[in-house]
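Labels for the chains are A, B, C, D and E, by order of writing; each one numbers its residues from 1.
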Amino acid sequence: MVISQLIFYTLAAFTLISSLFVVFSKNPIYSVLWLIVCFFTIAGHFVMLNAQFLAVVHIIVYSGAIMVLFLFTVMLLNLNKETEPHKPTLLKFGAVIAGGALFLIVIAAMRSGMPAPYVAPQMSEVGYVKNIGMKLYKDYTLPFEVASILFLSAMIGSVVLAKKERS
Amino acid sequence: MTQTIIQTSNLYLPTILIPLLPLLGFFINALFGKKLGHASGWIATAVLFGAFACSLFLFLNLPTGGSETITISNWFYFKNIFIPFAFLIDPLSITMLLVITGIGSLIHLYSIGYMHHDEGFSRFFSYLNLFIFFMLLLVMGNNYLIMFIGWEGVGLCSYLLIGFWFKNQAFNDAAKKAFIMNRIGDLGFIIGMFMMLFYFNSLNFDVVTIGALKLGMGNMTIIYITLFLFVGVMGKSAQLPLYTWLPDAMAGPTPVSALIHAATMVTAGIYMIARSNVLFSLAPHTLDVILIVGTATSLFAAVIGLKQNDIKKVLAYSTVSQLGLMFAALGMGAYESGMFHVVTHAFFKALLFLGAGSVIHAMGGEQDMRNMGGLGKFIKITFATFLIGTVAISGIPPFAGFFSKDEILATAFEHNKVIWGLLSFSSMLTAFYMFRLVYLTFSSSFRGTDEVKHHIHESPATMTMPLIILAACAIIAGFIGLPTIISHTHLFKNYLASVFAQSKLIMPAGHEMSHSMEWILVGTAVTLALVSIAFAYQKYVMQKHVPAADENVKGISKVVANKFYVDEIYNTVFVKPIMLLSDLFLVVVDKLIVDLLVHAIAFITNQIGRALRLLQTGHVGFYMFAMVISMIILLAVQIFVVI
Amino acid sequence: MLTLILLLIPLIASILVLFLKGESVKWFSFFATIVQLIFTFYVYSVFQNKEAAKSLLAINIEWISSPKINFNIALDGMSLLMVFLSNLLMPLIVLAGFNRTQERSHIFYSLVLLMHFALIGVFVSFDGFLYYIFWELALIPIYFISLNWGGVNRSTVTLKFFIYTLAGSLLMLFGFLFLYWNTNLHSLSWFDLTVNHICSCKQGFIFWMFFIAYAIKIPLIPFHTWQPDTYSTAPTQGTMLLSGIMLKMGLYSLLRWLLPIIPNGVAEYTPIAIALCVIGVVYASVIAIMQTDIKKLFAYSSIAHVGLIAAGIFALNMQGIQGGLVQMLAHGINVVGVFYCADIIINRTGNSNINSLGGIRLLAPRFATYFIIIVLGSVALPLTNSFIGEFMLLFGIFEYNSWAAIMAGLTIILGAVYMLRMYQKVMLGDLNENVTVFEDLKWNEELVLATIAILIFVFGIFPKPILELVEPIATEIFKISFVK
Amino acid sequence: MENTIQAVPQNWYLLLSTFMFCIGVMGVLLRRNAIIILMCIELMLNAVNLLLVSFSSYAGNAEGQVFVFFIMVVAAAEVAVGLALLVSIYRNIASTDIDILSKMKW
Amino acid sequence: MNTLIYTACLGLFGLLAEIFNLRKYLIPIMVLGLAVIFSLNLQTWNHPETHFNGMLTDSNFSTAFSGLAIFIMLIILILAGDFYTSSDDEKHISDYMAILVFTLCGALMMFSYANMAMLFLGIETLSISLYVMAGSRRFEVKSNEAGFKYFLMGSFASAFLLFGIALIFGVTGTFSIDGIGVYMRAHADQLDPLFIVGMLLMIFAMLFKVSAAPFHFWAPDVYEGAPSLITALMSTLVKIAAFAAFYKLLSVCFVFALGKAEIILTVSCAATLLIGNLVALTQDNFKRLLAYSGISHAGYMLLAIISLQGSTDSALFLYSAGYAVASLAAFAIAITVFKATGTESISGFNGLGKKNPMLAAGLSMAMLSLAGIPPFAGFFGKYFIFSEAMRNGYQNLVFLAIISSIIGVFYYMKVIVAMYSKPANEFEVKPTFSYQLVIIVCILLSIIIGVFPGLFTKLL
């Protein structure tokens, strides 16, 4: 019990710290790296929540694909230095306050409705590949197929946009 | 109330012919005038003689004291109010008809000569015919609305005729002034009619009379009605304070002045009061007002008349003064006397105007008496007839004016000594300035240029004939109304008795005046007239006094010569402020307040748009910031304020 | 069915005319309007036969089921009067343009005929929504006519006009929507609305929604500022349409869609309405006195006249209503006449300032004659068409309040002042140096003016048929509005 | 491991993911570098993922986890397109500062 | 269901066309294909069905809106032929066509979704395609900027949508909209706060998608920067799809919970009306003007959303149709004029009334329809929406809408005034055949809908 709680708190702390670093790092490269850290911690959460398959996919997709893409871009555009001009302090405060306020408001709104800590089913098997596969390929066939259209569109789009040619 | 029965009376045809003939004449002249040339004048005159014949027929065939209503059509109606197009033929209207058609046809005849060289010859006659048509409608209608048609119609014709020589803007101004002043009165008339409609549901004379009788003596409603009607009368009959248009109206051709501004139109007011005598009798306060206004006008105009040098202006003020006298008579309830004076005045004033016209004709258009003198030798017929007219107006027996004026003065003496005094004084002044006119014009030697002197000639027969006829009438017309001291049968009074019978019942009859008293009054009046004539003779014939040139007039004389500056006062008090108001409304209210408000709304809207537009900074960071902030606020409000 | 044909003739003509070119455009439009006029007389003859009229004149078919909107057109005395007025004026308006050249005249006449269609539609609609459609529809052609063929400064002026009137009508739309959902029948049929009144507590609100719309259209002060500019900027035929027929839409609507539908609201606010109207009468008359632009002068005079009509209608009595109806006809004819005269003058001299005109009568006596007749008609001289109407209106106002009548009656005096002043300056006197040549009337101009002059007298001397035509409907409106 | 569900109340996950989401929002508002903003959006999406998985696991409902797949798909697609756009912009203005992109305003 | 599949196939065909060198015939074939799909789509009329285990439902609502969307895309494709004429465009034409058709796929999903996943994917398919299309003029900074702004804000908003979906899933345990609807009905009087927050976050996201204030900021910039044809697409298809999805979402999932969102919706509606119309007053760029006008139209359509308890779908559809045809006509004319004058400013229209009266007349009618003046379709749309809102007791909002309509007329008229009363510029305008066709068809449709609005009122 205590161990799993401990793991949770540690992971949660890491998650938050890393995401804060993502936001506050001056150098984009650091941000990317902190984001990768953050993704790993989230994958850890997934494992904690019996969603092992998802955790794996998460690491592959995010850390493996998306973050590589980010890194590529940062490198490609040669952004690995602190070129970013700073916003006025007032706006910075504003942004922080806005983020905080949003958090407070949402939390306050949800406060009374939080599901009471309850004992979940002894054995949660939903995260197993079998279950997810069943869901995905049985009920969610259409979205699955449609996602390919989305991908196709995004793919062509990216090619069209990023092609380097000038007539 | 709806009379749709086809009239079988033998009076039907002549009655409708009376207005139709002039109307026909109008159409012929208006449509084919150019082609007809001078024949149009004869046509116009002929139709009037026809109308006169018809009027005579009516006069002869209407039983004494009888009256006949001739309904042409049920003109229109609304709610429960029916307005028929109908004519009322009774002694009062016949009297007026005879005067209008009779004098009218003479003046038409005269105009043929007078207007001979004018390029608007046929137009002139079409207007004259149209005028007669409206005047006839005015006196023949059996309800106030028909009367009002005539009332406004004559105003229109007066406008057209005063401004007959439309190239001259001063004449046009005079015409416009006449029309507008009349319209001021007309508003009063209309309001009076509304009150009648409101209280009696009808405008027919008989219905209104019955209704008024039901309301009884001194009822406020009737007082208001009569006061409003009197406002109308003031405009039409040129009483204080709406008289200023009449002297200006002399801008029109002289026959017009004779016909419209002396004999007929301006007496419409008297006719109207006589027609509604019962109403007025029921409203003693109104009568008092009329008496005061009439007396004041009479005196005021007479005073101004003293200092006028334009031959027509003198006559115009004399007309105003005489009208005032008539109103004084009406104001004392002596309707017959008023009417009587209308008739006699019509003759001698028409005569005077036509004579003046003849003089002007002879002088080649010159109207200023200071440039005349000694004309008696050149134009004898004119001089003779003019003199008759002057004597008549001055009240020298046995000319027509004496009888009618004496009657009024006698009534006034009975009624109120002060009024009598004032009216007598006014008569005296009349005699003075009329003889001043005669002396300045006809006696002593010619003061004008030689060129004019050679031009002087007697007028053609078409002009002298009417003069002679009118002069004859001016002599004898008085005999239809001999005073009681001479004869016990007052023909005129008896003829109209049926019309005023009702009023006589209402009004407290004055006690019969003793004969000796009457003789004294007659004597006084005649003496006063003779004295003033003598005074005029002394001043203008003996001393050969010629009025000074305008710029040399000083002091009170100047004030009088300038008509007490009434026009100027009106100009400052009414006209200028309205013009100022007009500009004020346009510039300040319309453009500045109302329009600015409209534009301000548009402007403010636009400015808000401009301000809001600045939110769209183009910075995507700001956009997202704004989104989040508004999201937070909306969430907070939605969740915490309401739930 | 007949009503529908009446409605369709101008519409079809307006489409057909687009395919024509040159002079044939005018002739065709004239022909169409004359056909329409003749047909109107036929419809009138049917109307006289009460039994046949019911089945022949009314159409009521469902157009939209929810919210319920019926294509409900019919003719009653009041509609017929207005239709008659439009159809009478339309040939004159078309004819007036015969000796004028316009660019793209086929579009111009198409718009004119489209406007005609919309106007007829307004007058025959008995469903509030349908009425509203036509009301708005009428605005579009006149806007484009003014915008395309107008004078100086036309874009701002017409835009103001458009937005102003549209603002009013949108408020009216709101009023209609409000009425629809707040009456229990859920219908905008005139027949339903007149029987089934909305609760008195809400009538005051609706009154303002409608009143502002109509006050802008009529126009009453203080909603009038669009009008003088628009009248003087629009091409004359446009001005004739606007002043002759279009502003009658507002007055007609007072009688059709205001009085019988929200009688209590009207009764509640009638003092304010009358005050506005009467003040408007005096105010506009006084302004007209000093106007130097001839078209603006007529525009202000028109404000005064319609103010009087509106005041009479708001006096809420029989003679006021009836007089208002009669006067609408009269004013329509007269105002078209005066604006046409103004156009003839401006067209020939290129000048609209009355101070730099003068002596035209010397050169064009026939024109002068027609002009004075029309002027006299508009100052309501007895035996001209506007006298009876004005008389009844003033009496109506008098019955409501005698002081108001005296104030409104000032129009009799002031009207004469500004009209005669204008006539004197423009037509009389000696020739002004700006006016050296002035051709007398052309055949089409003479035809138009003669027709107007004849109409002025015919309706002035024989007012009874018109009064009888409108009497039943006036009685009905009166009854509906005042039997509580 | 399976016991996490019993040991940690779900509220914590809710709190955690909300907090993370808000950090993402804050980052978006705070930064001017487009790439970092993109990453912050990824952060927000991951917060959602976490929430969905936690709900899914606690309720024993696999749908939540399936949905996470779609979010990943979309995230990937978005990143691809976004970075492509970014590259194309960078070629034109040689910057990834979003505040320079304000040619169109008002 | 079939519609979606066919459309996807058509998109794939577009991609393949490049390979088979069919570039020349591409657009005609695509148009033809869409026409066929349009007619096939009608088959589902009155055959409500659910497909793919509750992922997709065909209903009259979805059929009607799908038909409209297909029609819009058809028009856009017809216009595309003469729009993409530069050599750079020529090269990518099949890509563009495919992406456009995929956009339509996204829209179709948004009409017929029955599961949050489908909604989300539909929105994203639509959006991602549009990010690309908006930025497709990649050598123009404006286009870049438009694409990137749209992208950034769009994905930001998507995140909120997802958070909302997640919360609702947490409470209801399902992504099926019917399932959520069942929960909502069962707990209507005592809704879990999580559910409410989720709902509100979703509403925020949808308000963003429909460009309602205060989430409208992206719209003007993106509309201005995007290629005109894409602007036309965004202001018609995208807006309508977003509204349809919004409507469906609220009416199925949240109808009884809307009391908890009333303030947000009302404020947003009012703000949208005012901001859209007021700011539009000050615009000189025609596309930007239409963007603000689009925002104000969103306000009117939000009125239909707010009063959806009274099932205002017919009114919404009528409004959408009227708005779409008028906008398309306006854009078709505007694109022609832009090409001729080389400027997108309103002053580019100066003197069009003389230069080309037919174009000017067409644009005038389009503007009048957008301004909501009878007898054009725009008026009836407005009328029905106002009427429905009034019925549901939103008098004040209707009044505000009326006021803002008055303001709105002003800027529409500005264009008309420019065309008719300003001196003409030096240019020659001659629309190509396809543009003429589109203009005539759209204007005629606008009038036909205006004359027979009854066809639509009981449609759904």
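One rule holds for everything that comes next: a residue touches a chain if its C-beta (ideal position, glycine included) is under 8 Å from a C-beta of that chain, and two chains touch if they have at least 3 such contacts.
This structure is a prediction, so every number in the text was calculated from the model and none was measured.
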{"item": "Set of chains adjacent to chain B and to chain C", "value": "E"}
{"item": "Chain labels contacting chain A and also chain B", "value": "D, E"}
{"item": "Chain closest to the middle [Cα centroid of all protein chains]", "value": "C"}
{"item": "Whole-Å separation of chain centres (CA-atom averages), chain B against chain E", "value": "77"}
{"item": "Chain A-chain D separation of Cα centroids, rounded to whole Å", "value": "5"}
{"item": "Length of the line joining the C-alpha centres of chain C and chain D, rounded to whole Å", "value": "66"}
{"item": "Length of the line joining the C-alpha centres of chain B and chain D, rounded to whole Å", "value": "98"}
{"item": "Chain D, residues touching no fewer than two other chains", "value": "14, 24-25, 28-29, 32, 38, 59, 61, 63, 66, 70, 74, 77-78, 81, 84-86, 88, 91, 98-99, 101-106"}
{"item": "Chain A, residues touching no fewer than two other chains", "value": "87, 94-95, 98-99, 102, 106, 109-110, 114-115, 139-140, 143, 147, 150, 153-154, 157-159, 161"}
{"item": "Sequence positions of chain C contacting 2 or more other chains", "value": "none"}
{"item": "All touching chain pairs, where touch follows the definition stated at the start", "value": "A-B, A-D, A-E, B-C, B-D, B-E, C-E, D-E"}
{"item": "Residues on chain D engaged by chain B in the complex (per definition of touch)", "value": "25, 28-29, 32, 98-99, 101-106"}
{"item": "Complex contact set, residues of chain B against chain E", "value": "602, 605-606, 608-610, 612-613, 615-616, 618, 620, 622-624, 626-627, 630-631, 634-635, 637-639, 641-643"}
{"item": "Residues on chain D engaged by chain E in the complex (per definition of touch)", "value": "14, 17, 21, 24, 28, 34, 37-38, 41, 44-45, 47-48, 51-52, 55, 59, 61, 63-64, 66-67, 70-71, 74, 77-78, 81-82, 84-86, 88-89, 91-93, 98, 101-106"}
{"item": "Complex interface listing, chain C residues touching chain B", "value": "160, 164, 221-222, 224-225, 283, 286-291, 318-319, 322-323, 359, 361-362, 376, 381-383, 388, 391-392, 394-395, 398-399, 402, 405-406, 409-410, 412-413, 416-417, 420-421, 424, 427-430, 463-464, 467, 471"}
{"item": "Chain B partner contacts - residues on chain E that touch it in the complex", "value": "148-149, 152-153, 156-157, 160, 196-197, 200, 204, 208, 214-215, 217-218, 220-221, 260-261, 263-264, 267-268, 274-275, 278-282, 407, 410"}
